[in-house]
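Across the two complexes that follow, chain A remains constant while its partner is chain B and subsequently chain C.
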Partner chain A sequence: MTDTEVVVVGGGSTGCGVARDLAMRGLDVTLVEKGNLTHGTTGRMHGLLHSGGRYAVSDQSSARECIAENRVLREIAGHCVEMTGGQFVQLEGDPDEYFEEKLAGCRECGIPAEVLTGQQARAEEPYLTDDVKRSIRVPDGAVDPFRLCVANAASAERHGARIETHAEVVDVLADGDDVFGVQVRHDSGPGKREHARTGERERITAEYVVNATGAWAGQIGELAGVDVAVRPSKGAMVVMNCRQVDTVVNRCRPKGDADIVVPHETTAILGTTDVEVEDPEDYSEERWEVDLMIDELSALVPILREARTVRSFWGVRPLYEPPGTGTRDPTDITRDYFLLDHAERDDLSGFASIVGGKFTTYRLMAEEIADHVCAELGVSASCRTADEPLPGSEDFTVLREYMDEFGLRSPVGRRSVQRLGSRADEVLSTDGPNPVLCDCEAVTRAEVRDAIDQSGTDLNAVRIRTRASMGNCQGGLCCHRMAAELHPEYGEPQARAALDELFEERWKGERHALWGEQLSQAALTYALHATTMNRDRDPADGASVEYAAFDAGGADGD
Partner chain B sequence: MSDAENPDGASEFREDEPTDSAEEFEPIEVFPESESMDLRPGSDDCYKCSTCDTSCPVAAVDDEFPGPKFQGPEQWRLKRKDDRDIDESVMSCSNCMRCDSACPSDVPLSQMHNTARGSFVDEQMDKLSREYVRNRILSNYRTLAALGSKVPRLTNFVMGLGVTKLFNEKVLGITSEREFPEFATETFREWWEKRGGPNVERDDKRVAYFHGCYSNYNTPEVGKAMVRVFEAFGYEVLVPPQKCSGTPMFANGMLDDAERAAETNVAELAAAIEGGADVIASCTSCSLSLRQEYPELFDFEGTASVAANTYEALEYLRVHEDLEGALADAEVDDAAFAYHAPCHARNQGLDGQAVELLDALEGANAEDVGDSCSGISGTYGWKEEKYDVSMEIGAEMFDHMEAADAETGLTECPTCAMQMEHGTGYEIRHPLQVIEEAVVGADAA
Partner chain C sequence: MAIEDDVAVVGGGIAGMTAALAAAREGATVRVISHKDSTLRSASGLVDVLGYPPRSGGSSGDSDASESPAGDAGPLADPFEAIPDLPEDHPYTAVGLEGVRAALSLFDEAVDGYRGGHTDRNALVPTHGGTVKPTARYPASVAPGLASDPRETLLVGFETVTDFDAPLAADHLRAAGVPFEVRGVTVRFPGAFRADARVTRLADALDADERLEAGDDPSGVSTSLPARGALAAVVKPRLGDAERVGFPAVLGRHETPSIRADLEAELGAAVFEVPTGPPSLPGMRLEGALRGACRDAGVRFTTGDPVAGYETGADGEIAALRVERNGAAIPFHAESVVLATGGLVGKGVDSDRESVREPVFDCHVPHPADRYEWFDDDAFGDHAFARFGVATDGDLRPLDARGDPEHANLRAAGGVLGGYDFAAEKSGAGVSLATGRAAGRAAARQVSDS
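And now, the complex of A and B:
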């Protein structure tokens, strides 16, 4: 008897998708992830829900999958998707032939495509340059990868799965030529993450192990003694302070760096580059990549040149090509996904890896791997993930009506409901006062507490669930408020450690945007934190604070 | 600086239409069916320091009011193309525009507030509601005043009746605590016509007077003082046709009304500027409107030229004439004032002007009563539900006026004057009237 039927390694979109699919088919699933959900590539993408238009010339089978999955996700994940629409914009001087090829490609792949004149394109997106010659309108959208991934994990849990984050696989257990589980090292626990609690090692035995670690698949393969040659390729993305565009804007020319602007929640994300790296966790984040984004994309949307950036980040694509293909340029490597059955390939049973692929088709990949696992385990249940909505996306249409009922100011209520979807009622109906904790992103105490319930003391996990600290001050005015919500369930040292970790994470991206307004922002944040919390020279570091020595404050609480 | 030293007059202060160097930043209509503009990029400048919130007089006394940072950059940044709803709290903003001066980072706060308020009134306010009707009436004071001043004595009598006040409060929501301002028996324009227009005619020193509604219908003595003072300095004064500056309309989100009025004003004033005049206002809210709100909200031909060539009356004389010199040679009797600088004067950097000028004048003294807001903010303090807030904001000013060594108030803004009078019972004068007494003589009136 094993601990679980299937272990899924990797808490990104693919891993969470696989866990959900298998759990819905009635299998007992355990998902382990070394960081937060979305910690790897999923949390570092530009948030584009592909229409398939980007691949309509170069990779038509991917394009067809994209448009099909695009339609599925609108149905099952309405609260994670914003159907912004998108344009492939041809500027004066961009090749006509490619525009025609793109248009024909879209039509061949069944992607609704409509040609707009330059004037129509600008009427739709007023900040586009007046050099627009014409554009193709396609059903691109924006998707929140954090919310989608968390919703998949929540659905898996509802179907009985166990989700363990901050549980790094340190060994793949094999008995000769059969994999029978993994050994993990918990950061704290097992269970929800809790700073300052000792982590244990745990052996989790299973009938089948799925390696869904994307760019890290080679490392997990190595633990099992098989060679999985992923070719990680980094891409830089720049986050703007606000939305200069409300639809996805692509430059319509043959592949190139820095050719897309995606409206994402309250921001716009510029992308991207494509440079192969050795190690998915250790690569240089270079200034030229950021400059390139802004320089190139200003030709498309001129206001970007003067607009405020709030941070930059890099993601690593889990590119893969079958051994012997030998493509030199990473931009030429296929975006298709591959299911590697190690029994067939390496004579190692009970183990498969899934590599390549892209976020938009995560569900399809998950379905294929779940089919494979079920076949291996002799389970005949069929996939239901394309039909059953994710938690938060059930009955999404009725929501608008009760937006006003939560006693929140209208933009705060509106944004909260956009994030929570059908969970809004459950999360926001609260007896106590419900102040806004993060002003930039309009996140209330109730939503932060709901996220803490899900993820323990991990404030970065709270962040990806709520967007708190992801706005223009990058947490300068709200990180400590989030940490304060950990009390009284968790103690002061835990809250302090969690706060430190959140600050560090915020700084990681903000340091790549230190000019103009964001430099002023960082300077203000520094001054505020230094003068109000002594964070420039923390007297409480390493020592406990005598909180009892402080008075309890005024009787009125002021 | 006199014209003799600089024959070119105001040329260095006069600008042509600004060059379109930043064409891509021009606000573009994204919501074509409404009048609103996309001001999201304006949120780029906000780094959330909250200085605006600490300078907001409404937020200081009303805990329910979320403050200018929320109303402006935060609310704008949270908008998506299809989002229409504006939080109703924008109607509690009094449009004092102190946040504009407070912001260290040039966030276009009042522009954001005005635009949001306009869209709230357009799309979310019930056009049959008492609030809408009342606000429409208040913001179109000029229309009301034009009617009332046809029969000023009767109007004053009726407006003073208890039954009228009761009706206003119960039916319209206009507070009965305040005395309706009296209409003059002869408007400024009637006087001007009767007088036969300007006494000085010359084409090298010419100003176009924007008197606004209040100097015309209620306090023509301020308008007359303006004319006599400028004529004493050798200026030809023009009085072009004009409508309300729009100030009360902005504050009530009646942007369509404001736009109609602005169209006339811009056309008339731009024509006067073409004819060699600069534009002078005696009301600091009128001058702020022409200088700042017009270019922020409208795009008529000539808007930029009007904005660049408009001045407050004494500011203009301080720039172009030796006003201090003239005052140093003059003398008035026993003129001690408790001076309040209106918020809209502060926004134009004029808050120290009256005190400095009267310092130079023998027999006169103006004591600044501090930097608080008077609280009335035009039509705001007239609203029944805002009256208490308005008086709470004004309390500090009343205290300081009473503590000052003077029994007369002084201010440039007609509604601040109402509030000062209402809170202290003092008579309130306009600095132009004191200057008139000094440089023209007390008997001129």
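And now, the complex of A and C:
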């Protein structure tokens, strides 16, 4: 007997998708992830739900998959998707031939595509430059990768899967030429993450192990003694303070850096660059990348030049090409995905890796892997992930007056319900008052507590579930409020450690936006946390204080 | 009719109002020109002088790693001992120890309701984050809460006042080793306030002692009580042996002394406030007190319009400020000018991707050329940006890139000055008072000399 039938390594979109798919087919699944869900590439992308238009010239099979999956996700993940629509914008001077190729490509792939005149394009997206010649309208959208990934994990759990975050694989267990499980190191636990709780190692035996770690697949492959030559490629993304555009704006020209703006929740995200890196966790985040985004994309949307950014972040694409292909420029490496069956490839049974691919088609990739695993294990259940809505996207209308029902002012109630979808009732029905904790993103106490119930003391896990601390103030006004919700369920030292961790994580991205308004904002955050709260010199963290040496109050009293 | 004053002060925070007050007391006619709300709304209302020695990193632009990481250096028990040893470019060095002491005397005499002047020692005040911080002067409403006072303490938080979690703060204070017993409870503020009611709304209710719904009594009859009594009634059953009770700083905008007296009478325990973040009532009360002192001294205020430019005379001195109002630039003539527009937070210092500047007079602001050297990688690291501001001569006149005064009759005070990290040192209000007083006096004396 093994502990579980299948171990899935990796808690990104692919891993969570595989776990959900297999669990829905009745398999016993354990997913292990070394950080939070979305910790790798999934949580570090621009949130574009591809129409397929981007690949309509260069890679039509990917384009066809994208439009098909785009339609599927609108159905099964409505609460994660905003169908903004998108445009491929041709500026004066951009090549006509490419525009025509793009249009023809979209039509060949079944992507609805409509040509807009420059005037029509600007009527739809008023901040586009005057230099617009024309554009192609396509059904691009925005998707919240955090919410989608978490919903997949929640669905897997509902179908009996075990999800372990903060559980790093330290060994792949093999008996000769057969993999039979993994050994993981839990940061704390097993179970929900809890700061200051001692972790332990655990051997998890399984009939099959799926390596769904994306850019980290080479590292897991190495533990199993197989070579998985992923070529991680970093991309920079710049988060703006508001939605300068309401549709996805793509520059219509052959591949290039800094050619897309995606409206995402309250922000717009500028992307991106494409630079190969050695290590998916240790690479430079550089000033030129931020400047390039702003300078290039302000040719498309001029107000971006003077607009405020709140942070930047980088992600690594899990690019892969079969051995011997030898593509030099990472921008030329295919975006297609590959299922590496190590039995066939390396004479190592019970183990497969999935590499390459893109977020929009995560479900399709997961289906193919699940099919493969089922075939290996002799299971004959079929895939249902395209038909069954994710938790939060079940039969649901937002027409009800949630605001009154839950005592929330209307913009707060609307935002909460958009995020929670069909879980709104369950989450927002609380006994006590439900004040807003994060003013920028209108996140209430009930949502934060719901996220803590799911993820323990990890406030970054709370952040990705709720968007709390992701707005203009980057947590300056709410980090400590979020941490306070951990207490008294968790102890004060745990709340303090969790706060410090979230605060540093917010700072990490905000460092790339430190000029103008955002530098002023950062200086305010620094002042509130260092001056008013004295968190930088907290005596609870440092040397003891000789209280008797200080003023204990005057004899005059009041 | 032309607007003419002896001294014009640009900026209405602690530094600006102190400069105005000091100049007025020298006999000058003084006008404060302020555009937006001052940052006092975000400040704790504590008057820090120097809580920790500055990091060894030193002057702006030095990106060397700090040698004294946060947390391991204890707070200074006596801030005045450390002032003479501060670096050359620290604003306190320009005014000297006596300048700091004189400014505190001015403050103590001009502003009612503050404590701490009986000793040179810093006080340790419990913060809403559950730590303690060193400060030199504190509002009377904060005084009974000092951490060196051994009385048993109850902290009371409100369900909807999210910046202060009393049970967590109590546990944190215990971890900080405070010499007293401390418990925290969370209660519902009496009355039917919305969950997102601002603290200013609760303060107004206490100020006016509004009648609030007190809920149903055991017989099912709905009753109402005055706010102060209702609040005391909620807290009293939880008091235990506590000799003092701390609330987040919501105890009125104007009537804080009588609110505290009423609560103390009902509870039989001392009542104090724990300063919180914005909107900060102690900060707003301090702003009101300083403004009152200025008005009493004859200072005039022009608020709501920005200074958009200035005119110079033949000698290069500033002759007039151009205040933008309804699209027109109105000249405000002055013999001498004090720049007290604040730092990065107050937007007296501004920046873009390439550079850092002082926007009103375009004074030189020293800074590293590469913006990636403006910050440290740790959130509480040694940030160059925290020391951004103008450099001055010993007379607080901003210096240009060559080291010469920008204008012979322009002085700077408070956050717009560079060379100190007020957040790390806990020196913000002290520097504003000391440099505000010195700049205001010097400005007025320059007028009387001419």
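We adopt the following convention: the second predicted complex is superposed on the first by the 534 of 558 C-alpha atoms of A that agree within 3 Å, B and C clash if a C-alpha of one lies under 4 Å from a C-alpha of the other, contacts with A are read in each partner's own complex, and residues count from 1 in each chain.
What we mean here is this: a contact is a pair of C-beta atoms (placed from the backbone, for glycine too) under 8 Å apart; a residue touches a chain by one contact, two chains touch by 3 or more.
Keep in mind that what you see is a predicted model, and the values were worked out from it rather than measured.
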Partner chain in contact with A:520 - chain B first, chain C second, else both or neither: both
First, second, both or neither for A:437, with chain B first and chain C second: second
Which of chain B and chain C A:411 touches, first, second, both or neither: first
Partner chain(s) touched by A:172 [first = chain B, second = chain C, both, neither]: neither
Contacts of A:484 with chain B and chain C, given as first, second, both or neither: second
Chain B versus chain C as contact partner of A:22, first or second or both or neither: neither
Partner chain(s) touched by A:553 [first = chain B, second = chain C, both, neither]: second
Touching partner for A:127 - first (chain B), second (chain C), both, neither: first
Superposed model, chain A: greater residue contact from chain B or chain C: C
Footprint overlap on chain A, comparing chain B with chain C: 409, 412, 477, 520, 524
Chain A residues touching chain C - in the complex, by the definition given at the top: 287, 291, 294, 407-409, 412, 432-437, 445, 477, 480-481, 483-484, 487-488, 491-493, 495-496, 503-504, 506-508, 511, 514-516, 519-520, 522-524, 526-558
In the complex with chain B, residue positions of chain A that touch it: 82, 126-127, 129, 241-244, 246, 263, 266, 302-303, 306-308, 409-412, 414-415, 439-442, 471-473, 476-477, 517, 520-521, 524
List of chain B residues in touch with chain A within their complex: 24-25, 28-30, 38, 40-41, 43-49, 66, 69-70, 74-81, 83, 85-89, 105
Sites on chain C touched by chain A in the complex: 42-44, 48, 51-52, 70-75, 77, 115-119, 121-124, 127-134, 140, 143-144, 146-150, 159-160, 162-163, 165, 167-168, 171-172, 174-179, 188, 194-196, 257, 260, 275-278, 343-345, 347, 350-353, 370-372, 374-375, 377-380, 383, 385-386, 422-424, 426, 428
